[in-house]
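Same chain, two partners: subunit A is paired with subunit B first, then with subunit C.
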Partner chain A sequence: MFRPPTQVDPKGHGSFVLIWSFAALLPVVGLVLWSVLSMQNFRLVWEPSLQAYYDVLASGRWEVTVRTLRIAAIVTLIEIVLAVPFALWIAKGTRSIAVRTTCLGLLTIPFFLSLASRTIVWRGILGLNGPLNAVLMHLGIVDQPLDWLLFSEFSVVLGLIGPYFPPMVFPLFLAFALIDDEVLEASKDLGAPPSFTFLHVILPLAMPGLGAGIVFTFVPMIGDPVVPALLGGGNVIVLSASVQSLLRILNYTVAAALSVLMLAILVAIIGAAGALSARMARGRLA
Partner chain B sequence: MGLNERQMTTEDGSVEAAAPRPARILEVNRLVHTFGDFTALNDVSLSANSREFVTLLGPSGSGKSTLLRILAGLELPTRVDALILDGHDVADVPANRRNVATVFQHYGLFPHLNVLENVEYGLRVRKVAKAERRQRALRMLEQVQLADFAHRNIAKLSGGQKQRVALARSLVLEPVILLLDEPLGALDEKLRIDMQVELLQLQRSLGMTFIYVTHSQEEALTMSDRILLMNQGRIVQEGTPEDMFDRPASRFAASFMGMENMFEAVVAEVGPETITVTADGVTFSGIWAAKGAPAAGDRVCCAFRSEKVRIAGDGAPEPGLNRIEGSLESRIYKGKYLDITYRTAIGPLRMREWDAHAVTDEAVRIEWRASQTILFPANEQ
Partner chain C sequence: MTTSKISSRLSRRSVLKGGVALGAAALAAPYYARNAFAASGKVRVLGVTTCALPNWDGFAKDTGLEMDFVAINSDPGLYVQEVVANEAGDDYDIFIFDGGIEDRLGASGHFQVLDPSAMELWGDVSADVKSSPLLQGVDGAQYGAPIVFNADSFGYWVGDVAAADEELSWGMVFENEKMLGKISLEDTWLTTLPNAALYLLGKGAKIGDPSNMTPEEAKMVADFLIERKKAGQFRAFWHSYEESVDMLGNKEVLIEECWEPVVKQLQRDGKDVVYANCKEGYSKWMIGAYLPSQAEGERLEKAYKAIDWFLGGDYGAQIAVNQGYATANPAASLKFATDAGWDADKIGAIEANMAKVERKMALPHYWQNSSPEHVEAIEAEWSRFKQA
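== the complex of A and B ==
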C-alpha cells in the first residue's frame, strides 16, 4: 500500500510507547513502590510503610537535598547570564559563518574529554599551593592562601560551570537563530532601542530555548556525582553521593524515598518554569 | 484625516497651530553605499514631496531595497552629501530614532503578540499610556478594517490581513514617510490588485508620503505619482507613470517597461517632431525620448510596444504610420490575447492581437504609429 514517506506507521507509535514504558516508566514505578515498603534485616518486606520518608526528613538527608538544589540553581543562573549574550552573539551578532562555526565547534570540545579528567585540573589551580593563591598572594590581595577556594561549595559551583555551559548555549542559540531578522528590524524601525527589543521581542521568542537550556543543565546537575566528589572533597555532600551511600549500606527504601522526593521536586520546578515561560512567551509578563 | 487632527493636538490635549510640513519632505544628495567591494548604490540623488506616492522600480539587485533600508535608517550610508528628512539631516541617525516607518516584505510582525499588541508596540516603546495607546491602535485597526480581529493571533491571519496589521502598526506612529518594501509581493494576484487600490486610498486619505519599492512595472504604474527606475545601483530614469510607460529613454528602461520590439537603426533625418531612421534598408519615423537631440548618422535604438502594432489595410499608408511586410513566425495563445511574431526585414516583430481567436494570415503588412515609436541612443545601457 502506498504511504507518503512522512507518515509514520501507527504500529510504530505503539512500539514506541511500549519501549518507553519499559525503559523509563517501569523503573520509576519500581522506585515509588520500593519507597513505601519497609526493610527488616536488610531485606525488603511487603509491608506498606512511610517510614522511609520519615527517615529522609529526620536524618540530614533533607539538608543534602536543599544544598543540591541550591548549587544546581546557582550554576543554572550563572549559565543563563553567560550563555544568553554568547548565544545571541553567535546567532545574530556575527555575520561571518566561519566565526559561527568555529564558536559552535569549540563548544563541543568538552565532550572529547571525560568529565573527571577535566574536573581534576581545578584541584591544581584552586589548591592551597596552586597558581591562583600564589597570584593573589603575590599581588598582596591576601596574606594567607585562601582555603575556601577548593573543597567547598565555591569550587563545586566553579567546576560545574564549564561542563554545563554547552547544554545551555545550544538550545538558546537555536531559539535565537529561529527569530526572523525582519522581526528584529521591525522592532528597531518602530523606535525600540536594543534593550527594549531584547526584553519584549527576543526574550519572549527565545523562551522555549531557555526552558530547554534549564532542563538540560539544572536536571542533570542534580544527579551529577563527579564534580561534587572531586571538588567538594567530602565537604560538599550532594544528592547523588547521599543516594550512593544509602545503597552502599543497603538501605534501599530510604534511597528510593529520597529519589522519589527529588523527582517530585524536579517535576514541580519544571512544571512551574514551563508555565512561567509560556506566559512570558505571550509577552504578558515581560 | 485622523492624522491631521492629531497633528494639531499635543500630548496634554492643548491645541496648537500645526506647523505645516515642508513641501519637500525628503532630500537625498549623492548617496553612495558599498558592501565590501560591491557598490550597491552609486551616486543616487532623489527627493520626495509631502503627500507624494513615489515608487522605486527596478529588477532585483538594482539597489532599490538597499535604498529603502537607508531611508529607514536600518542601514547607515557609506557616504552621502545630505539626507534630509522633514527638515533635519538624519544621515547618521539610526532607525529607532528616525520618524519613518517601514512595511516589510514579509511584514515582520511579532509572532508572540496578537493583532492589537502588534499595533500598540511602537506606542509602548514611546511610553504612551495604556488606555490611549489601546484607543489609538483600535482606531487605526478600524481604518484598515481589522477592528474585529484585534485579539486574533498573528498566525491565524491570512496574508492580506497580516499586510494590514503591518500597515496599521506603522501608520499608528504617524511617520513622516511610510516606506513599503514590496509589500504585495507575497500575496496572490487577485488580492494584490485589491490591496493596490486600498493602499492608494489609504495614502490619499491620510495625506501621507509613501515610498514604495517594487519590481512590478504594473504596480508602479497603477499607484505612483512618480516613478524612479533603478538599475545597477543608479536611478536611470524618473518621471510620471505616463512618461515611464510611453517614453523610456534607454535600452534597459524600454525593455523593463515592456517594450517587446527593439532594434538598432541609423538616424537619417532629424525633423521638427519626428526623426527618420533606417534599419536594414527600411525607413521608419519615431520620436526622441532621451535628453538632447541626435544628429544624422547617429546609431540609435528604436522601440515600440507589441500592443500598438496592427495589421495594415490595403490602401496607401496614412501619414504618421510605420509599415513593414512580414510573414508569420509563431502565435502563442495567452487567454486574453494572442502574441503573434512576424518575421520581417528588420528581424522578428511582436504583435498583440486582442481577439484571441483571430485568424492569422501567413503574409501580412503590419503598421504602428510613429508617435508611439521611441528612439534613444544605442550605446547606453
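== the complex of A and C ==
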C-alpha cells in the first residue's frame, strides 16, 4: 500500500483541505459576492452591481487602505529595528538562563492585560496637560504644549509599537536560537568581523523567523481597531473604523467592497514579496 | 492497517459525534427557554442601556411582573440586525430603541401599531410628545410609546469660553476662530451632521430637515465641516461616554459636543463646566418602546402593562433625578416623589428638570433620526469629512 513519506493519511489531508476551504475560503467568497450585490431596506438583493466599488472610490474611503498599510508598514519596520538586536541578545548574547527566562517571561506580560487598558495609559502621558508636555515646557524646549503628540498618526504609531513587539521578538528569537554556535565560531575563525557575520550568516539563516515576525505584526495590525480608536481621536481613520462605521448602518456591500480591496492589495504585496524572494533564492543557487 | 490509524479514525469519529450532540443541544436550548418564558410572569425587554434602572423593585411591586432587561448598545445597525435578521421579536416582548427606526421597521411589518386603549396612562401623556416623528411611522401610525427624551447641546468650561447662562450659537462649536483645536465632536453622523446643519440653517442655508437631509444637503454640510477641519477647528472625536468625560474634564478640549450626563458628572467632580443653552435649537432625541409584531395574547397583555408602568411617576422620577432626562409624564413623576417622601433636593431636581425640558422644547429644533431616508449617502459624506 502506498504511504506518503510523512506517514500522514492522504484522506486526512483531504479533510483538512476541505475544512480549511469552508472555514477560510467560503467567507472570502461570500465577501466578494456581497461586494457586487445591492442593498434594499437593510436586505441584500440579487442585483449584481459595481456601485459599492464606485462608492468606495467616491467617498475617499480607498484612502483608508493606503493609510492603514502605511501605518502597519512603519510600525513593522520599527519593530524589526528594535526586535532584531533584542532577540539576538536573548538567543546568543546572554549565557544566563535566568536572564533569558526572565526576559521571555516579561514579554508575555502584555497578554495578561487588555489592549485597551494598556493603550489608554498613553492618553494621560501624551495629552496637552500630560506629563510629557509639562516636561518639554519646563525644560524650555517648547513654549506651547504640542498637540500632535496625541490624536495624531504619531500617537497611533507609538501606541502600536508596544503591543506588537512580542509577536516580532518570539519568532526572531526562535530563529536565532536555532543557529548553531559552531557556524558563528567558524565565521569568526575565518576572520569575519561581527557585522559581516551578522549580515551574511545570521540574517540569511534567520529569514524564516523574520518572515514569521512580519506576518504576525503587519497582518493583525491592519485589522487592529483598538489603538487607532483610542489614540487617533477620530483623526486617524483606519480600515477597521471605516468598516465599523459602514456596518453600523448595515451597509454590507460597501463594507465588503472595501475589505475586498484591502485583501487584493495584501495578496498583491505577498505575491510580489514571494516572487522577489524566489528570485533571490534562485540567484543565490546560481 | 496500523493501530495508530484505527485509533485516529475512531477518535475523529467520536469527536464528530460529540460535535453533533453538542450542536443538537445548542439548537434545542432556545426552544426550551422560549417555552419557559411564555409560562412565567416575566417581561423580556431588549433595550438601550440609557433606559435601564439600577433595580426594578418598583416595577415588580406595581405590576406583579418580573423585568428581564437585556441591554443593547445605542447602535441602529445593531438593533435592526437583531429585529430583522435574528427575529428578536420571537424572544422579546418589548423593544426600547432610539426613535426613528419605526419608519422602516413599522413599514416592514416588524413592529405592530400601538393600541392606546390598552394603556391606562396613555391619555396623560402630552400630545406634543406622543406625536413626535420618532414614535410615528411616515404614515402617522403610532408605533412607539415615549420612554425618555432630551435635547442635547454642548458642554464648555465657564471661565475659558463664556458665562454659565449665556445663550450661545452652535457656531461656538463649528466656527470659532478663538477656539481652534479646542473642540471635540461626537464621532457620528447621527448628531454631528444635523448639529452643523442647524448652525448653517441659522446662517441662512437652505436645508429642509437637518435630521433627514438629502444627499445634496449632506454634501453641503460636509463641505463646510471639511473647511473647518482644515482650519484646525477640531481637536478630536469621541466614541464613548467615558472618553467624552475624560476629554472635557482634563481640558484636552474646552468645548465639547456631548450628552448632558457628561456635564452632570463633571459638575459633581467640582469642575466648572456647564451645558450650553442654544440659540438655534437642540439635537432632540427620544427613546421609544415598540412592540414586536410577534407579540400577541398573554405576551401582548404583559407588554402593555409594562409600557404603562414606564409612562408612570416611579420611572420618571428615577430617570429625572439620576440622569436629568425627560419622561412621558413629568407631573406624575413629581407627584410620585412627593407622595413617597423623597428629599427636598431630589424633588427640586425633578422640578428643575421639568422647567428645563419646557424651555428647550419651546425652541425650534429637529428630532435626531437614526434612520434617515438617505442614510448611505449621509454616512458616506460623514466618512468624506473624517478622511479629509
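As a working rule, the second predicted complex is superposed on the first by the 256 of 286 C-alpha atoms of A that agree within 3 Å, B and C clash if a C-alpha of one lies under 4 Å from a C-alpha of the other, contacts with A are read in each partner's own complex, and residues count from 1 in each chain.
The working rule: a contact is a pair of C-beta atoms (placed from the backbone, for glycine too) under 8 Å apart; a residue touches a chain by one contact, two chains touch by 3 or more.
These numbers were taken from a predicted model, which means no experiment stands behind them.
The superposed arrangement places subunit B and subunit C next to each other on subunit A without a clash. With both structures placed on the common chain, the touch criterion links A:G234 to subunit C but leaves subunit B unconnected. Considering which of subunit B and subunit C touches more of subunit A, the answer is C. Looking at the shared chain after the overlay, A:E185 reaches subunit B, while subunit C stays out of its contact range. In the superposed model, A:L250 makes contact with subunit C only, not with subunit B.
In the superposition on chain A, A:F198 contacts neither subunit B nor subunit C. Using the contact criterion defined above for the overlaid structures, shared-chain residue A:F170 touches neither subunit B nor subunit C, since it reaches no partner. Of the two partner chains placed by superposition, only subunit C is touched by A:G127; subunit B is not. Superposed on chain A, the gap between subunit B and subunit C at their nearest CA atoms measures out to 32 angstrom in whole units. Within the complex, the subunit B residues that touch subunit A are 72-74, 94-97, 100-102, 104-113, 117, 121-122, 124-126, 169-170, 173.
Partner subunit C is touched in their complex by these residues of subunit A: 9, 12, 39, 41-43, 55, 58-61, 63-64, 123, 127-129, 147, 150-151, 229, 233-235, 237, 242, 245-251, 254. Of all residues in subunit A, only 180, 182-183, 185-193, 196, 200-201, 204-205, 281-283 touch subunit B in the complex they form. On the side of subunit C, the complex with subunit A involves touching residues 5, 8, 75-78, 80-81, 84, 104, 108, 181, 184-185, 187, 235-239, 246, 250-252, 375-376, 379-384, 386-388.
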